[in-house]
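In order of appearance the chains are A, B, C and D, and numbering begins at 1 in each one.
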Amino acid sequence: MEILWTLTIPLTGGLLLALFGGRRFAAELNSAMSFGTFIAAAALTVRVITDGPITALNEQFFVDSFNVFLVALTALVGLTTSLFSRPYMRIEQHHGKLSTNMLRLYHSMYQLFTFTMLLALLTNNLGIMWVAMEAATLTTVLLVSLYRTPASLEAAWKYFILCGVGIAQALFGTILVYFAAEKLLGAGGNALLWTHLDSVKAHLEPTVLSLAFVFLLVGYGTKVGLAPLHNWLPDAHAEGPTPVSAVLSGLLLNVALYAVVRSKVLVDGALGSHFAGDLMMGFGLLSVVMASFFLSRQKDVKRMFAYSSIEHMGLMTFAFGMGGPVATFAGMLHMTVHSLTKSAIFFAVGHATQKAGTQLMENIRGLIKTSPTIGWGLAIGSLAILGMPPFGVFASEFMIITTAMHAYPWTTPFLLAALGVAFAAIFGRVQTMVFGETVDQRLPHPPALVPVFVHLGLVLLLGLYIPPYLAEWYRQAAALIG
Amino acid sequence: MNYSGILLQLFQDTLVVLVAPLLLGWVNQCRAWLQNRSGAGVLQPYRNLVKLFHKDAVLANNASPLFRFTPYILFACMWLAASLVPVVATDLPLSPAVDVIVLVGIFALARVFISLAAMDIGTSFGTLGARREMLVGFLAEPALLMVFFTASMISHSTSLSTIVETLAHKQFVIYPSLAFASVAFVMVLLAENARIPVDNPSTHLELTMIHEAMILEYSARHLALVEWSSALKLLAYTTIGFALFAPWGIAESGNWGGLPLALAALFAKLLAAGAGLALLETVSAKMRIFRVPEFMGTAFLLAVLGLLIHFLLGS
Amino acid sequence: MANYSGQLINLFAALLLLIAFAMLSQRRVLSLINLFALQGLILSISTAIVAYSSNQHHLYYSAALTLLLKVIFLPWILHRLIRKLNVKWDVETLFNIPTTMLVGIALVVFAFNLAAPISQMAGTITKGTLGIAMASVLLSFLMMITRSKAVPQVIGFLAMENGLFFAATSATYGMPMVVELGIALDVLVGMFILGIFFFQIRETFDSLDLKHMEKLKEE
Amino acid sequence: MPASLPIDWVIGVIGYWLLIGLAGLVLQRTPRLITTLLFPAGALGALIMAIVALGALGQAPNIAVLPLGLPDLPFHLRLDSLSAFFLLLLGAAGIGISVYSAGYFRKMEGNTLGLLCFEYHVFLAAMALVFLADDAYLFMVAWETMALSSYFLVTTDHNVPEIRRAGFLYLLIAHVGAIAILMCFGVMQGGHGDYTFATMRQGHLTTFWASVTFLLALFGFGAKAGILPLHVWLPEAHPAAPSPVSALMSGIMLKTAIYGILRVTFDLLDMQLWWWGALALTLGLVTALFGVMFAAVQTDMKRLLAYSSIENIGIILVGIGLAIIFHAFHKDALAALALTATLYHALNHAFMKGLLFLGTGSVLHATGERNLGKLGGLIHRMPKLALLVLVGVLAIAGLPPLNGFVSEWLLLQAFLLSPGLPHPYLNMLIPIAAAALALAAALAGYVMVKFYGIIFLGQPREEKPGKQVHDIGIMERLGLTWLALGCILLGIFPVFFILHIDYVTQMLVGQTLGGTAAQTGWMWLTPIQPERASYSPLILFLIIIVGVVFTMQVVKKFYHGRLRRGPAWDCGFPEQTARMQDTAEGFGQPIRQIFELFFGIIREVPSPFDKKPHYHGETRDLFWDWCYVPIARFTEKLSALIGKLQHGRIHVYLLYSFVTLLALLAFIR
């Protein structure tokens, strides 16, 4: 039941906002819808915590402890981002960057995007999951090009083509999985249902599955932003409106990684080897290293943090690739804290860029002086994302690095170098943006910084104290993933 | 803590205080003879001291308390140093309180204070002298320490009494390491006591002077104390040299019988040493101040070599 | 009948591959679109045959769907687009055609022996076709890489979709209906969005040449 | 009553500090309250900490577990003798510094002060937690919190670009070091995410992995301690910070690194190899010599002190190296001696360096000058400060009878007693090491004479019109007096303190020094046997006093005592100005000349015909050009190379995916 609510609310929201998205109350409606979604998701979460994994609509939907926390996370970030986007978009409109139609498009697409995310998470059917992922691309691609500037168009085009092609590979992978499964489960719907696949994964045809995994990894990996398939990501993040960047790197990447991990489970079951894990570790490590070196030559603040997202997705992929209770636990924790922190950073960055009237970092100065909340938000957020304790990102990095040192020592020098370079790159620039003297104008509307500090507060909490039920979740999920 | 020990200690203390200027006088007299001058006589230092003690003291206007206080500390330190060296007898009651490393420390303390005092007035010469003094000091100190280390490696002890006893009262052995050490020691002695070739105690030539530059501003009683303590310093170094390289004749703890012999030996050695020192000073020429580091570096090197040789040949 | 149908499918598969090559070598946009339509037609026919031979009724629907979408609707849209944007120029490729063909042939070989072990275990009457499907996917990928204008790239994208669809039908008697519908919907919406894009790009750069869109990079 | 456990008290103090910090944030409106109330309150906390730690020394380790941290890994805390010793150090030095700060920050304006108060006390609490942590996670959290809070303290005055740069450099090196420490824990962990130190103690590593662990620890902690070549942040960050913060960082924070090295090497690892010791010894010597050499040529008083901190860390590391060597060869008595010297020097340094940094703080406050070339003659303006600083100067110059000498004496004794190691090279290495150590110690004297003489003695080199220089206030005086007292007591009653350090050596190398050290009464310090070596600072002190008093009396008795004041004579030089005194550059010149090849020297000497002659001399740290610049260049090159991949053409991107796909497909065939 909750599942239906969780899905229908954003869907109806999307349709409603397609009509009224331009009105004055649109932003509030948007937030209200997101709030409803959040409530439904929370109810669903409670339900799952109390009485375990559930399936619905003759098994078309399926919730276990792995995707339920992602659902909750998605709903939460969706809510906070909608709260943030209210004043942000007002200011953009005030700056004359947006027309009413654009605003309508934005609002309705925002809701539809949330819907696709949740659908991709909740569905039990790999095919539907694929459809939802593709739909997610379609809903966001117009948001990326919202400003109609040449750069934004270019970014959107690349985003569309690269992700489309990537996702096509994923479809091929899905077809192969189906091809392997239908011999065991018979033709028809069941052969794509995750629950059924999971039950028979040991008997699936290894060669087909390994082939399938390659396509799935390349496909969904493109959306995760794994190097060298990541090229769309920085453009899309930098050129789209900031709320979109926030949800892209806070949610979309997570969901894509979720898809990859789901398929990894099947492949591991079928092959009984560490093949999938090795591939993921390789991609993860490559992404971390490359991203950190990209980081060190950025001028555009949003672009820089986009690369940092690539770095962190790489780290998660690496963790899931390593497998084992600790690493997987760490991977999921990292998913959570990264999307919280990164979206918080994007909120702060958004307002900072509006104040400075540019995204070029050398023109942003002394935020702490003019608007301490934005400045501190940015400073603390960046320190958190750089893995400074006592923030949650450190907790997961702690587990990942120590496990790697224990299990795969040869990888750690790369990690050390990459993290060091990334630290120098990001922190050196953030420091100059936050500190120092400045002359800036005030914002026409008061910025919404509650979301920023809510997120950072959560991240801080997760660094010092992980609530037992959350830990229990993660542990069950880790057990599922193996 | 037997009374004889304490008595002996007191005796040695007074002895060194009284004898120190004499040694200075003797060295100067020998130099005079060697440069065939008639010389002022052995007792001249005493006369100087008396004269200085009768003069009125003149203090620079901006002299701080530290400046006035320093001569006393200087004097106390040097006196202490001289009286802690087994000059006539070993195992004096105070000797366990201080070993060779501490001795070096005491010299350093005195040096730091006199240099600070020299900088206190803020004249060009004073600071210059202080800098040079510290320059000489930071090279001389480790060299001296290394010399001591060589000796204490041999005697497995850093307390001078034990060193003397092992060196003097064991059967006579030739330690090649000690040879190196002795050369190094003599160089250190020359440098530390402001003798030629490092410094010339009897000129005020600003290009070369070190020790004199520091005490330019002192007069009367302060100057007297400073002069006296430098005499004590010379004596202390000489007696240390005896203790390390010619420890024969020094009396055991508390036997008064050995004392006359010890005294005789001491004076004989002092005569010889003074003459030798004078000879050295006469035959060598004052070197440029820039060469001093090389000179001291050589001393340091020799000392370390001695130590290494001790390890190579084993004890 | 079954064996005939099997042979027929193989024939159509071969045709599919042939068209893929033709698209790879084709210079003119209009004929590209026509080729694309032809491909769709073949696809739907083969699907129908599969449906008939292994009476899987939902495959009829998907055949019909293909016919509607990929033979009639999309080509129509594309035609209208290029008429509106009047882009009838030749598509100059980034590499010259012969090289591309050679690479394509290499790809086909690669795809075949990649698919060989799998098609052994295919339970369907359409054994060898998986390799062909994969080959056509890879070929359209190659085509996207080599074309320097926006429209041909999109056509390549759609052609890839065709290949996938063929893989689905030939190897597995088609995906579940709901998935088919979903995919179709996505393709449709995607096409709309692309249409919008063409106009936006056009009015921003007054050309559909992708070389205008190389600004965003690390310098 | 469980609350009577020492560890609970310590945790209580930590919480108390955090509360004070928050209170500081709250009270931003009323700065007076912060200085008059909160900082003294913090000092009180430090006092309690010191007392509890002193009591906890030698008690059985007591353990606490807080319900925070990772799900499987709550915060484990453990208070054993090692932690207790360093907590004592923290508390004892912290008292003085906090009291001083209460006076020092008077004039700061509210919001900055509130923030600073918060960071300051978080910093204290984090350091205490580092000493207390008993699992890797808590340790790392405390460690990085310490780094973070100190970073924000350093950048208090963040409008100055140099200060920002200094802070960035500091945090960067700290972070890289932290990752290395993390890896070192990663090697030692029991697997399955069991990161408690208890399991690490149980675990047994192969020689190779043990060495990897040690090297990682040496690197990681070395980055914090400022061991060559990771020292570059230190002379940048210490001058940048407000003086009490510099005192905390230099006096206490550097010791956390020492603590870490000791903890990992002697407690967590179950083996020690002799070459680790040799490595540490050599590194320590190089660091010490390098540090003191650079200190001698500095012209900024706080930079000078920072370099002197590098020197002292080097000396401490030498002690650790010796201890490792001895322990590896099962000469535990000697190991105990070396370790005692190390710990004693750590304690001494906390007091001396705290005192000196605070002293510079007062000078800075009074004159607004950090450049030695513009100071001078302050002994007349601020006599109290001058006296207190003199104690610190004599102590850090390693002069008897103060505390710096005691630890150096012990260390030299350890060297002297070392022969007979079963390894010939070591036997060769050790006398040379001793010589180098002696050289460093002697140079420290040079440096300190320069420091004190140029700041306090002579005449003011530049008169600041209208700047009224006044002596330090009561709070400052209290704080400084406490530290100075510490220097003197540590110098005169070493045996008492060594008896307490014994608990630590007992725990680490299973041997104690005190038993022998105090064998002939508490007055005499005898490491092995009385006839081998003995030292009685008290007697020495008394003799010097007696000597001075006696001489004074005699002179007063026989002397008429007439005294005139007049202008300085100076060889009858006609007229002399303050500019004729030796400058800081001048005083450093001999060192520059002797050790020329170690310095990167840049000088602009005016030509004789310059209308406005301008002299500019600066000595650069060659390690910049040797390590850091190349690394930076390499990174830039590499990132430029990788940047080319983001080429901008969508076809190229498609090609990437295509090739990746084909490669993977080929890979699985």
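Please note the rule applied: a residue touches a chain if its C-beta (ideal position, glycine included) is under 8 Å from a C-beta of that chain, and two chains touch if they have at least 3 such contacts.
A quick note: this is a predicted structure, and the numbers were derived from the prediction, not measured.
Chemist: If every step must land on a chain the current one touches, say how few steps get you from chain A to chain B.
Modeler: Minimal hop count between chain A and chain B: 2.
Chemist: Compared with chain D, which chain's mean CA position is the farthest off?
Modeler: Farthest by centroid: C.
Chemist: Could you find the two chains linked by the most C-beta contact pairs?
Modeler: Highest contact count among chain pairs: B-D.
Chemist: Go ahead and note the Å separation of the Cα centroids belonging to chain A and chain C.
Modeler: One centre to the other, that is 31 Å.
Chemist: Please tell me the distance, in whole Å, between the geometric centres of chain B and chain C computed from their C-alpha atoms.
Modeler: About 101 Å, centre to centre.
Chemist: Which whole number of Å gives the spacing of the CA centres of chain B and chain D?
Modeler: For chain B versus chain D, the centre distance works out to 36 Å.
Chemist: Would you mind pulling out the distance in Å between where the CA atoms of chain A average out and where those of chain D do?
Modeler: Each chain reduced to its C-alpha mean, chain A and chain D end up 44 Å apart.
Chemist: Going through chain C residue by residue, note those that touch at least 2 other chains and give them in order.
Modeler: 114, 141, 144, 153, 210, 213-216, 218
Chemist: Name the residues of chain A that each touch 2 or more other chains.
Modeler: 157-158, 161, 165, 211, 234, 294, 297, in rising order.
Chemist: Would you pick out the residues of chain B that each touch at least 2 other chains?
Modeler: Residues of chain B never touch two or more of the other chains.
Chemist: Who touches whom among the chains?
Modeler: In this structure, the chains touch in these pairs: A-C, A-D, B-D, C-D.
Chemist: Chain A touches which residues of chain C in the complex?
Modeler: Contact set of chain C toward chain A: 56, 114, 117-118, 121-123, 130, 134, 137, 141, 144, 150, 153, 157, 160-161, 164, 167-168, 171-173, 175-176, 178-179, 182-183, 185-186, 189-190, 193-194, 196-197, 200-201, 204-205, 210, 212-216, 218.
Chemist: Sort out for me which residues of chain C touch chain D in the complex.
Modeler: 94, 110, 113-114, 138, 141-142, 144-146, 148, 153, 210-211, 213-219
Chemist: Would you mind writing out the residues of chain A in touch with chain D in their complex?
Modeler: Against chain D, the touching part of chain A is residues 157-158, 161-162, 165-166, 169, 210-211, 214-215, 217-218, 222, 228-229, 231-232, 234, 275, 279, 290, 293-294, 296-297, 325-326, 329, 368, 383, 386, 388-390, 394-395, 398-399, 401-406, 409, 412, 415-416, 419-421, 423-424, 427-428, 431-432, 435-437, 463-466, 468, 471, 474-475.
Chemist: Which chain D residues qualify as touching chain C in the complex?
Modeler: 643-651, 654-655, 658, 661-662, 665-666, 669
Chemist: Which bits of chain D are touching chain A when the two form their complex?
Modeler: 67-72, 136-137, 140-141, 143-145, 148, 155, 158-159, 161, 164, 167-168, 171-172, 175-176, 179-180, 182-183, 185-187, 189, 191-193, 195, 635-636, 638-640, 642-643, 645-646, 650, 653-654, 656-657, 660-661, 664-665, 668
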